[in-house]
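Below you'll find a set of structures to go through.
In the two complexes below, chain A is the common chain; its partner is chain B in one and chain C in the other.
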Partner chain A sequence: MSSIRVNPETLSVLDRPNSYIGKTVPRPNLERLLQGRATYVSDMELPRMAHVVFLRSPYAHAKILKIDATAAKQMPGVVAIVTGKELSAVITPWVGVLSHLKGLKSAPQSALAIDRVCWQGEAVAAIVATSRATAEDAAEHVAVEYEELEAVTDMRTALDPGTPVIHASLGDNLAFERIHDAGAVDKAFAEADAVVEADFIFGRHTGVTLEPRSVVADWNAAETRLTIYQGTQAPHMVQNIAALHLGLRESQVRVVCKDVGGSFGIKVHIYADEMATYALSKLLRRPVKFVADRVESFNTDIHARDHRCKGKIGVKRDGTITAFEIDDLTGIGPYSMYPRTSAIEANQVVNLVGGPYTSKNYRARARVVFQNKNVMCQYRAVGHPIACSVTEGLVDLAAMKIGMDPVEIRRRNLIKDDAYPCGSPSGLRFEQLSHHASLSKIVEMMDYQALRAEQVTLRKKGIHRGIGIASFIEVTNPSAAFYGVGGAKISSQDGVAVRLDAQGSVICQTSITEQGQGSESLTAQIVGSVLGVSMDRVRVVLGDTDMTPYGGGTWASRGAGIGGEAALQATKILRKNILDVAAVILQSTPADLDIANNAVVNVSDGAPRIELNELARIVYFRPDTLPPGTRPELMATKHFVPREYPFAFTNGVQAAWVEVDTDTGFVKLLKHWVVEDCGTIINPQLVDEQIRGGVVQGLGAALFEKCIYDERGQLTNANMADYLVPMSGEMPDIDVGHVVSPTRESELGAKGAGEAGTAGAAAAVSNAVNDALQPFGAIITEIPLTPQVILTALGRI
Partner chain B sequence: MTGPVTISLDVNGERVEAQVLPRLNLADFLREHLKLTGTHVGCEHGVCGACTVRVAGEIVRSCLMLAVQANGAVVETIEGLSDSGEVADLQAAFRDRNALQCGFCTPGMLMAAQDLLRENRKPAREEIREHLSGNYCRCTGYQAIIDAVENTARARMELKA
Partner chain C sequence: MKASAFAYARATSVANALELLASHGERARVLSGGQSLIPAMNLRLVSPELIVDIGELKELRGIAVKGETLVIGALTRHADLLKSSDIVKCAPLLAAAVAHVAHPAIRNRGTIGGSLAQADPASELPACMLALGATIVVRGPGGERRIAAAEFFTGIYETKLAPQDLLVAVELPVARKGSAHFFQEFARRHGDYAIVGLAAQAVLQGDGFADLRLGYFAVGDRPVLAKAAGKLTGVAITPALLAEASAALSDELDPHEDQQATPAMRRHLAKVLLSRCVSTLLNRPDIHRGASA
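The block that comes next holds the complex of A and B.
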């Protein structure tokens, strides 16, 4: 690219000289991770730090009659043993509701159970000792007497009159219900040539972050200040909640988030045991560390999905979809999680079903019920895998019914690419999507016709392969519509402060957080590009409520779109401020100057005029040499939040090519394709790897992952040997393609990309398996697609 | 409880003597006693592979081995392999391919990958997938890791050619 620019102010950051936007560059923070020199919370030690271990209920539902810690308290190294009642002196209970989810109810939850436990794994006592091993030893000597109560485990009977009500004060086990009716659904079904119904079943699963949840809480009684070191996606949210329930001002709580060993939505919530750890530090006036072990992770990290959804679709012979209808049921455990609530997933399902299609007739009911199992809440792609599997499963069943190709029925019903802006029957607003361009692209990438031919040939040899297609929409860049309007103090804006240091390098503080997605990289890429400095001159600081602007953090695919735009806007101001002072120093005008390659240059010929380190030297150390009245400001701050659209919807399509062994029931994933549209792509490699990682989490749900509870509410596979996740041996290569429709809400134009992979992967695989099994007349609408499920459907067992 | 036992071993080229309880596992010994926190603990039951280290030249799950069993042994961790430069090319390949996101599995993954490349100079893609199938990665979906190992194998072959 030429460095000669006629008027750099009119250029977007996308086409400035030496822009990093749209380029694959390595993440700046990788070396410490590669050398084993990162700092995860589980690595941290502080002087006088004690370790807490939680004694957890072996019952799903029981009264706590007595806790006897006399013997345990005498053991050497034991600092304290604290019960729920004792801890309630320092921390107040909470209720996980949001006012915009009308009718959502939940019961007060305490940091440690008081009088009653409501799920297997709920903490009943905290054992604090000088080492974790000592605390574990002591825990074995704490005697708890329980009176077991009947456990509510089956969501299908949770609302029956004969089923015990878990929280008597709530009157029943219904946490939330939403009913939606748009268009003329009954008429649309009556006018359809075929109506297809199916029951979709989704296994309860969890995120399995490789680093378990970890906290070090450090109450300094002299400073009356609590520092929380925690692997969290939302440091300011944790600050707000900790302060609120410990009776502190937010300024008395600092949350520091260093390296995080996986999050995926698991680490965006407030967990009772983490709250207990904060409270214990305050109570005991010393640092306290909690690191969940793997069994605790399975029993207490939020679970997700676990939906049973009846679906119905009407279709005409020409392929026109006339209506969708769903009735969704989900069980969320005994409490709605705090502060984001456990009604969001079901609410999303209602919002998203049928979303890619033109049909305006849509009826939905979603019910969210309490049960005596671990808590459920938002995990990567919240609600999307359910909505996508139901929608795309129904579309394929409709196509099958009328004998139409799955690609063709989508071509006839997906919203046209030139129809935007438009809305969905559930009330969603779409700025610009690209379903048709995406579908065309994936058909080409996978060579659809050749695969169909191969499928036919192989069938004759008794090899059963299938193709599954799944179009999807995805919520990204959420505004205050997600949580703020419901009363949760979860920021939807993010802020970035950027400053030139005394050697001409840049320090950038951002409120978005890093858990491996590449937040640090994309921020440095934007700052470097907009300012005109090389990335190695940009240091990004994040994850510290004392050090960064106030903001939401990294969740709901918002980091690049919201935090990235804040970085862009802040850097534009810094650039202007630098050019203003440069013009003074150089006796030029700002319009004649630009910044490129770490120096102020002439716009006219690109010739370097002054290095940024020299400019910084003058400003910081020799301001006396500047003309009177010159007051340079080499730091700038901007915040950004989307205002026009509540969410920046993205879209895409996935395709799976699978082989089903009809003797063993095993599914082999041969190949997977994704085309998605996240708007402006800041770093293609990071986007592709977010997609691939997201797909594989979706494939886990499709084939392997399920928290298996027995009828008494006991989780029977709470370990990594029995709870299966995708491993390298079973995973396919995944081809990723893009269509780019930037959002016009921001100058950057970026939408989110972190959840698209998870949104549609299971739907594509399910459709592929059903496609493979067509000759057998077997239709499966349940995941995970275990050999047992497949062989049962085939009538083999 | 049995009292502390004296052990003596070589860790990343340093002679180490320590008093440890017999029940202490090697992962906790490395992390808590020697502060070598690059060895990560993901499951503590030998499944996830995050704690993979090299003992007497063989990769082991350090959560499944007791510290006392390492008495007299040569133990190598990610810090040692990083400082010696043994896996510098592999680390660079991981960086260039973004074969890590949160990085928690990475030290164990590098250990396992280097073990494969020492035994098999030209592994097929499926062999790489198979060899790493005892190491969980929850972020990447594995493809970038397989690519990085494949690229490293190819580069090492070219270097030798």
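The block that comes next holds the complex of A and C.
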């Protein structure tokens, strides 16, 4: 690890003796997970609980003429069969727009389709029964009469006058358009020595969480209160929206989020079938469970990344990049997703293209269109893989064109490490990035020169290997302006409450959530370090709107940076409060005392003065022994939201070393490297795991994953045999290195690390494949890079 | 994804299994390893009324060498094939192939009988049966039938098995002296069904082949024993001859289109496999480079 900004004069609260910060410590929840004692929603059984199965449309676009459930309703074990019209008595529709995304439009979406279905997989009726199997049996006896309508499937023709408009009330199929023009783009292209253009194509894909989306909704008519057990990244968001559409006050809704089996952004949205489950519980006055099966997960979990992006770059002979231009088109399905909207991804692409580089000339257009396919929305590293693949693909093409080494062209154009703070041509503000330090480090880690030499030698033997480099920036820690500014009631701040209990242990309630990334661990590490107690004494409570402070949750790589800072600040207060009362008890002054190893100690010689459990005993059970007027407060709460920068940008660089079998079109991933800069590293192992996991998802996009639709809008590979997720057998070793530029917006200095791996992995692989194929003059700007795509590009088939 | 309700019977003997099958006909299904049947039931692609579990029939499990014949019981699991020294000795092609069948967890349950009865055209084992000249032993209401592998596979998931039949064993000739094998498949990920694969069994003689059997899989609706192999036996192999055999192979195959490959790509990959097979078996790298250029 190398550090960009060292500040040796002052020791922060993080540098205390026995600090857990920067140390690999096991996750506190490891035993629970490994012993199979976790509680996932599907583990939950409540008295009188019924199971719901959704009957889903087999058509991409159709009128619902008639639903006949008479026979099914008679079947044993069937509790109710509910149509969209019937359910609309208890739940109102919604429209997925945000006011700050100007011009974004969408149509009202209902929990269950009413009159019309707009994608294959949209739910048309809810079958509630005493077991899932019984409900599935009954579903086979519900007869739905459809009139098939023409489906809009190709995003390229979605805006043509001859194409049907999916929502007549909207006038056309354009959901959102953004145009951006900075600097003097035409002039910059005119002044370039070479201009290169390419069409980049990205496969639609999805998150494939190990645990599918699941909900148990429990309406207690006596309390007039709904408890929602759900694997979600944002419990307070779910609380707000469930209440809003069920006509309840937020205090009438409790959201409990226990263990979650992976999320990746899939579980940060409001899904129609989940809303229907809440409504069914209210309607039927009993607990209702919905657990998506794998097929419906593929058909209804948000998809992402379905983009076609034309890109253009201008370059001078000396390697100077003069301008970037993009024209991005994406199809998001029939509705903009609620409440974060489906325009964010394209918007992000516009924001991020060209972001690592000094060129100020940038023109972009992004269009977001409706189509009759499953909805698209934010998935891990929203927009980043598109922006990074386009940018880095163009940079490599420019380098190829002028005969410059890919590392060299980046050295000449990446924003200098001492140029911060500065802005990007799309208007982003960077506090402190480390592109050059990262690039130097990765070049060293991979022994770039040796690899180049090896590449030359092997080429002579007919073995075609390639090196791909991809620099990237990553949006983390969204600030006060998200998402409330656009009207969505999603908290931008997070809160933490810490208290010392009567035996000197600490209970910490945080509003961030855990989906496997280690939120629980990093919170305990921070609390333990700042307070001076061992981690085994810190119990972290998360995922319960009744029990935790109000907050945004875990998404956009914000858990450590925002929730972690709240934990740090809350714990500082608790520490001060403890030292204040300790000073009274010990007849000392707080300044002369510290806490270490679960005891109050002397600052001067570290000698223990009083154990925390003894202090707690006095405070809780013998306050009569304290001097009059002493009112110790052994619980403290703090909230945090960054205010200065809209995002804490992180940066890094990835490199791929691949071998292409030019006879078969198969790509072998030999090795992958990442250098990233997420600021302060709380737990190196957790960061490395985040990076590696993210890289693997990016490699999935590069080589394997794609939701394949036919021209009638049928998803043809909605199962684990045909939708290829990346598996360990194909994954290379992934070496991770770090550069550390902490953010000054917080005392903790942590930025996010959850999405960097995904951001640049596909770009690195694409560049590597094109590098390998140089002798053949083939250039591919499409992912996934399937054998079919590669053999076609090579002219072999 | 829950199977619809079904009745379950655990067969106590082969005779008992045959009785159950005979009385229920098409409405019954044999359960072996369940690695193909259970997913299909959970997806409600099939909804048998009765499952006849033959898992306890020890007499159907095991590998034995009887003179010049290797006998493999239908319930022998993929993992057993992989571990067996008899297989390595007598049918090394099979050992090479099984390593490509699915993943360890599936190989621990999946059986050779289930795989052959399933007759997935992309499966490794059916193609091996063709290359090895296996005999499939079947018992049905009319007694025992012995069907040559070349006759057994009749289409996608279709075989000469009737609903009342039980596949009980396969018999393979023990590998002769001078025999050699080649196995390779192209799959997107380890353990996936292949896009195209080749299981080849040869008898080497001098610089060439006295015999060459090319069992292709995933190139059509059933495994294919390529006739083009005939062009390469008993002659001196030259790049020109290989190119000729390659062209014949291409004409002979009628591959399907799916999400992984077009027919053209399958033909191309089949030809790549042919040249790799020949150059590997004859240790002639020159031939392969010439053919793929």
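Following the convention adopted for this analysis, the second predicted complex is superposed on the first by the 784 of 797 C-alpha atoms of A that agree within 3 Å, B and C clash if a C-alpha of one lies under 4 Å from a C-alpha of the other, contacts with A are read in each partner's own complex, and residues count from 1 in each chain.
Simple rule for what comes next: a residue touches a chain if its C-beta (ideal position, glycine included) is under 8 Å from a C-beta of that chain, and two chains touch if they have at least 3 such contacts.
Everything numeric here is computed off the predicted structure, so don't read it as measured data.
**Student:** Just to be sure I read the superposition right, which of the two partners does A:Arg294 touch: chain B = first, chain C = second, or both, or neither?
**Tutor:** The answer is both, since A:Arg294 touches chain B and chain C.
**Student:** Taking the superposition as given, does A:Thr716 touch the first partner, chain B, the second, chain C, both, or neither?
**Tutor:** A:Thr716: touches chain C, not chain B.
**Student:** Using the touch criterion from the header, give the chain among chain B and chain C with more contacted residues in chain A.
**Tutor:** B
**Student:** Looking at A:Phe704, would you say it contacts chain B, chain C, both, or neither? Reply first, second, both or neither.
**Tutor:** A:Phe704 contacts chain C only, not chain B.
**Student:** Looking at A:Leu791, would you say it contacts chain B, chain C, both, or neither? Reply first, second, both or neither.
**Tutor:** Second partner only, chain C.
**Student:** Looking at A:Phe666 after the superposition, I want to know if it touches chain B, chain C, both of them or none. Which is it: first, second, both, neither?
**Tutor:** After superposing on A, A:Phe666 lies in contact with chain C but is clear of chain B.
**Student:** Where does A:Gly729 make contact in the superposed view: on chain B (first), on chain C (second), on both, or on neither?
**Tutor:** Touch partners of A:Gly729: chain B and chain C.
**Student:** Answer with first, second, both or neither: which of chain B and chain C does A:Phe264 touch in the superposed model?
**Tutor:** First partner only, chain B.
**Student:** I'd like to know which partner A:Gly462 touches here: chain B for first, chain C for second, both or neither.
**Tutor:** A:Gly462 sits against chain C, while chain B stays out of touch.
**Student:** Where on chain A do the contacts with chain B and the contacts with chain C coincide?
**Tutor:** 133, 293-294, 719, 721, 726-727, 729-730
**Student:** What residues of chain B sit close enough to touch chain A in their complex?
**Tutor:** 23, 31, 36-45, 47-48, 50, 77-79, 82, 91, 94-98, 100-107, 110, 128-130, 132-146
**Student:** Once bound in the complex, which stretches of chain A touch chain B?
**Tutor:** Residues 26-27, 30-40, 42-43, 133, 207-212, 259-264, 293-294, 515-518, 685-686, 689, 692-697, 719-721, 725-731, 733-734, 757 of chain A touch chain B in their complex.
**Student:** Touching residues of chain A toward chain C in the complex: what are they?
**Tutor:** Answer in residue numbers: 132-133, 136-137, 140, 293-295, 462, 663-664, 666, 704, 708, 716-717, 719, 721-722, 724, 726-727, 729-730, 786-788, 791, 796-797.
**Student:** Within the complex, which stretch of chain C touches chain A?
**Tutor:** Touching chain A from chain C are residues 1-5, 43-44, 186, 188-193, 195, 259-262, 264-265, 268-269, 272, 289, 292.
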